[in-house]
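Please read through the structure below; I'll follow up with questions.
To keep things simple, chains are lettered A, B, C and D as they appear, and every chain counts its residues starting from 1.
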Amino acid sequence: MSDLYVPKPAELGYTFGGREPIRDLRPGEVLSVYTEDCFGGAVTTVDDLPTRVCQLPYLNPVTGPFYIEGAEPGDTLAVHFLDITPARDWGVSSTFPHFGALTSTHATATLQPPLEERVWMYPIDVVAGTVTFQASESDFALDLPLAPMHGTVGVAPGGFQAISTLTSDVHGGNLDTPELRAGTTLYLPVFVHGALLALGDGHARQGQGEASGVAVETAMRTTITVEVLKGVPTPTPRLETSDALLSIGCARPLEDAFRISQHDLVHWVAELTDLGVLDAYQFVAQAGTAPVGNVCDPNYTMLARIPKALLAEAAYDGVHERLRAMPWKTPEAGVR
Amino acid sequence: MSDLYVPKPAELGYTFGGREPIRDLRPGEVLSVYTEDCFGGAVTTVDDLPTRVCQLPYLNPVTGPFYIEGAEPGDTLAVHFLDITPARDWGVSSTFPHFGALTSTHATATLQPPLEERVWMYPIDVVAGTVTFQASESDFALDLPLAPMHGTVGVAPGGFQAISTLTSDVHGGNLDTPELRAGTTLYLPVFVHGALLALGDGHARQGQGEASGVAVETAMRTTITVEVLKGVPTPTPRLETSDALLSIGCARPLEDAFRISQHDLVHWVAELTDLGVLDAYQFVAQAGTAPVGNVCDPNYTMLARIPKALLAEAAYDGVHERLRAMPWKTPEAGVR
Amino acid sequence: MSDLYVPKPAELGYTFGGREPIRDLRPGEVLSVYTEDCFGGAVTTVDDLPTRVCQLPYLNPVTGPFYIEGAEPGDTLAVHFLDITPARDWGVSSTFPHFGALTSTHATATLQPPLEERVWMYPIDVVAGTVTFQASESDFALDLPLAPMHGTVGVAPGGFQAISTLTSDVHGGNLDTPELRAGTTLYLPVFVHGALLALGDGHARQGQGEASGVAVETAMRTTITVEVLKGVPTPTPRLETSDALLSIGCARPLEDAFRISQHDLVHWVAELTDLGVLDAYQFVAQAGTAPVGNVCDPNYTMLARIPKALLAEAAYDGVHERLRAMPWKTPEAGVR
Amino acid sequence: MSDLYVPKPAELGYTFGGREPIRDLRPGEVLSVYTEDCFGGAVTTVDDLPTRVCQLPYLNPVTGPFYIEGAEPGDTLAVHFLDITPARDWGVSSTFPHFGALTSTHATATLQPPLEERVWMYPIDVVAGTVTFQASESDFALDLPLAPMHGTVGVAPGGFQAISTLTSDVHGGNLDTPELRAGTTLYLPVFVHGALLALGDGHARQGQGEASGVAVETAMRTTITVEVLKGVPTPTPRLETSDALLSIGCARPLEDAFRISQHDLVHWVAELTDLGVLDAYQFVAQAGTAPVGNVCDPNYTMLARIPKALLAEAAYDGVHERLRAMPWKTPEAGVR
């Protein structure tokens, strides 16, 4: 049985980069970790308004970073998510002043007052596979499918940067896409010796776009394994699922996130099919989809997706299949 | 058996508004129409480069407008698509100079030369349900699922405007979303006496985002029926399918198209569930998806989608169910 | 002495295109016209809230269109503003619900209520050259320099379109730039037989960006003269002043308006200096400025500006100098 | 006579935050520093293409950080530029692959090849006050006014971040505005103990928007003095000149940079005039201008400007006047 790595509060991180590793992780090793929710677990009732109980800007803590043995700049780190399971029987969401897609924000600055800050608690039933929406102003309640995912996974960026866990870019980070669920492999470029992988921001579920700015946030027990692809560059974060390849673009405005994701997928497909770039552009434009990640964070995210059934060749030499076959066990519950 | 209305070349329209109706359509009547492809049928081989064989700006012709009996400003027009079937056994796509998502454009103006203009022909097999991609630089070929849809459906806008069929806005127009397929109902606000509905721009299939700027374009035989919802306003185009409601936002930048669609869906859900607006915002943010329409036209389009199973009340008093039950027959093939 | 053409209320237009000319104008002829303010003159006190006294969408009326003798598609129309003088001793401004840069809008849709609708009246003293800001909540008052300009000047667009006077594009329209003042020449592409020039939306003054969405709006007595440059294309509206050339970009997002304007100026400068395109790019990037027009209308506007002292050759064969030398007299006041 | 602080190569920084101070600076002390150009001085001829002679991502080095005595989080740091003088008799500019406003970029990703990488050398004559553009493809040459400025000035951001000197945000950074010249005071919020001020990226001149992505880059000898305003918050970087106040917005898309700058200026003016917020909005919208900074960096910058003559009260209790009166002498030339 795997151990569960449970970070001490002082070990939680708020940047990618700028921090020392808390543990080593060897390629092929299976690691189970506990991750806190985006509020650091401080919001436990509808009366815990985030701006009161959280200390800004210390939101969105990550567990890690993990030093990946053998990872060097120019390599690709493949992170496979064997399991993502809520570590609590509740999740929480909220409005947050001047944050979200349907409100003015710090950047889309207007003279209007913010929307009311409000908290919603969501019961989670892992066995039934449900997460329950309960209205705040009426007795409307509805079970939604449990769909656990990590909002934030990344490595240390290059150039001595230390980037807030609230944002995303080529190093990963706050990708906030519901596609990042158990069974997927995330490919990240390595910028520093040891890669320095960290993860957090579990969501029991999230709509595409994360319009309100906050998903159903919860602590997670998550089991991963990694592989290092030596000398293989990855231009932007990518995902592989059992049936599709996806490129992730992180940018503002949203069309640039779209462009980055499509641009990368076109080149990736060209490489896997031996199509010329214009042929691959044409092919992806007709056969692809474009799942939205978030439209609320400092960088928005969009994905470009192509079914693997349309491609002859396996991506990254089949590492996804190797990693998903890795034997693992449910970690023993942590002590928090 | 329905007649098929086949417009004469001189009857094709290039604007919404500014044109006289070519025919009347009564609510409940079933109408089959022939629509030309976005190139007016002028691109028939890979040697027919669009900029050579088409006369700019006369692209994207629509069939219509149809005068809808009883439709007046302030009403909603429900247009149900009973059938959309390719009228040819081939479709066509292309790059088009300075048009598309992965190229500089007239608006995203750069000093780089355009991508090479190139045409792809797609065999269509209606019986097998396939449309075949054939690479231009190799013998790579692949069947993709046939998924017929209309890129362009709209009514006359208000304020005496006549808006190019290449763009979209609250009056509909070049929505370019793969969600607009047979079996769906499109809700459009009525701005002028008789609504003046027109449609065209059939796609044998289209990826989300229409990244290359051009889908698999083909002529269509399409069967519709309409209903007028008197005194019922619709703020932005909406779709209803057998299992979902969708709001459509048309704007630049892309986040504004997202915002419009989510804003409308939040209010629509609030109305159908009696949730308060903040509760509906929270609910849609966790339970909704955001299918991308196009990221290449003068206005981009995004959709906000919620499963009908989550909503207690039927939209627009159940008109979708009434219209989809309308009896109809395949129209006799037109003469072109 | 010139006559003053004063349009009857029924002659005011709300689109570019879609309307018959109200008068002819010969190249070289001097024409004085009266233009109404953007509210059609309906807001005359601080109690006249625009949403109450105006009938939407009939805002921003223009005087015209004028049929320009000899103007054909592919030509350039040079419109020189000999004089722009307020026709009233007051102007008016306001907030307008969900319109402006520092509020959510129809496109940048949020769930926040609109800012309060409020009207400000501005005394205008043409002799002293002042327009006076008077605070609504205190006795703060301050004279600002009178700087009369037209927000909206354009021709009929191509492709049978009729475009709302609230927006701008290659045909001109609601450019809303303080650079469009007396002494400047506006160059517009001609799309239709007779060009069909119209103008309105006088501003006693306007800040760059028109952040609140509404300038100091007033009726104007304006004197123009025109010339037609046969067979000379103009890609986007351009301005010439006594000391500078300016290209105007109309688009969203704002960086695209910037790109269009810079792209056009680079090519214009290349043409006037015989520099290669990359040299012209480098030159404009170091020597140019970028005056902001508006950041509130359906299309934003930005200008790219280069001092004429840096250029060897006169633009458009010196038409600006010819037109500004045209003799003219103050028109007799109209009857309204 | 002031000493000139000349950093050793190893002391140059590429982030704001994440670095130890290299020197202390007391409020009221006058400091002269040498700053390298954005290429670290590596581009010295037209044959030194930046991508060949520079080691990416190590561009845009800054001198510092300086530990400001007494500066604590929540304070404002006022940095007054007593003098900015080129330290060389030449500057350099270039195109840079996929960087700039009139090219596709990493974010505005297209399938087009980059523009040709090319270098321009600019002779600088400090006595004559000129910087000379020399075309690369012809013998066109022209003197432009020397207008020295710093592109990059900032402090350490909060939240343990270390942000690349290539970008800008509330901590300042790569603001790239021609308004940041000698005689101005820059106000920055303090996020960390000692503020950790750094500066670099001197420009002999720069057009508004920095369209080509690179200004006339040169090393500088710059003399500053600082004051700490205890307990006075500053929401976004601000500038004060002899005749105007300016707020700086850093964001994408460009309209958000505009919004941030206008939003801040409206509140700043409200505070200095006792106007209500809507009155201040109205006032700034009619009386203000909006100088463009850059439209090419990871964050674009726009400024909102109001003449001081319109305001009754001095900003920040008159610190600008105090600092500009500080006696100083030209520093002795450094040894490089």
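The rule is short, and it goes like this: a residue touches a chain if its C-beta (ideal position, glycine included) is under 8 Å from a C-beta of that chain, and two chains touch if they have at least 3 such contacts.
Just so it is clear, the model here is predicted, and its values are computed rather than measured.
Enquirer: By mean C-alpha coordinates, which chain is most distant from subunit B?
Expert: In terms of C-alpha centroids, the chain at the greatest distance from subunit B is D.
Enquirer: Quick one: report the Å distance separating subunit A from subunit D, using the average Cα coordinate of each chain.
Expert: Using C-alpha averages as centres, the distance is 35 Å.
Enquirer: Find the geometric centre of each of subunit A and subunit B from their Cα atoms only, then give the gap between the two centres in Å, rounded to an integer.
Expert: Chain centres of subunit A and subunit B, defined by C-alpha means, are spaced 33 Å apart.
Enquirer: List the centre-to-centre spacing of subunit A and subunit C in whole Å, with centres computed as mean CA coordinates.
Expert: Computed from C-alpha means, the inter-chain centre distance equals 48 Å.
Enquirer: Which subunit A residues sit where two or more other chains touch them?
Expert: Within subunit A, residues 102, 108-111, 115, 252-253, 259, 262-263, 266, 278, 281 contact more than one other chain.
Enquirer: So what shape is it, when you link every pair of chains that touch: line, ring, star, complete or other?
Expert: complete
Enquirer: Mind pulling up the subunit A residues that touch subunit C in the complex?
Expert: Going through subunit A, the ones touching subunit C are 102-104, 108-115, 253.
Enquirer: Spell out the residues on subunit D that touch subunit A in their complex, using ranges where they run on.
Expert: Of all residues in subunit D, those touching subunit A are 14-15, 17-19, 57-58, 106-111, 158-164, 249, 251-253, 256, 259-260, 262-264, 266, 277-278, 281.
Enquirer: Which residues of subunit B touch subunit A once you look at their complex with the stated criterion?
Expert: So the residues of subunit B in touch with subunit A come to 93, 95, 100-102, 115-116, 118, 120, 131, 133, 135-138, 140, 142, 144, 205-216, 252-255, 258-259, 262-263, 266, 273-276, 278-279, 281-290, 292, 295, 300, 302, 304, 310.
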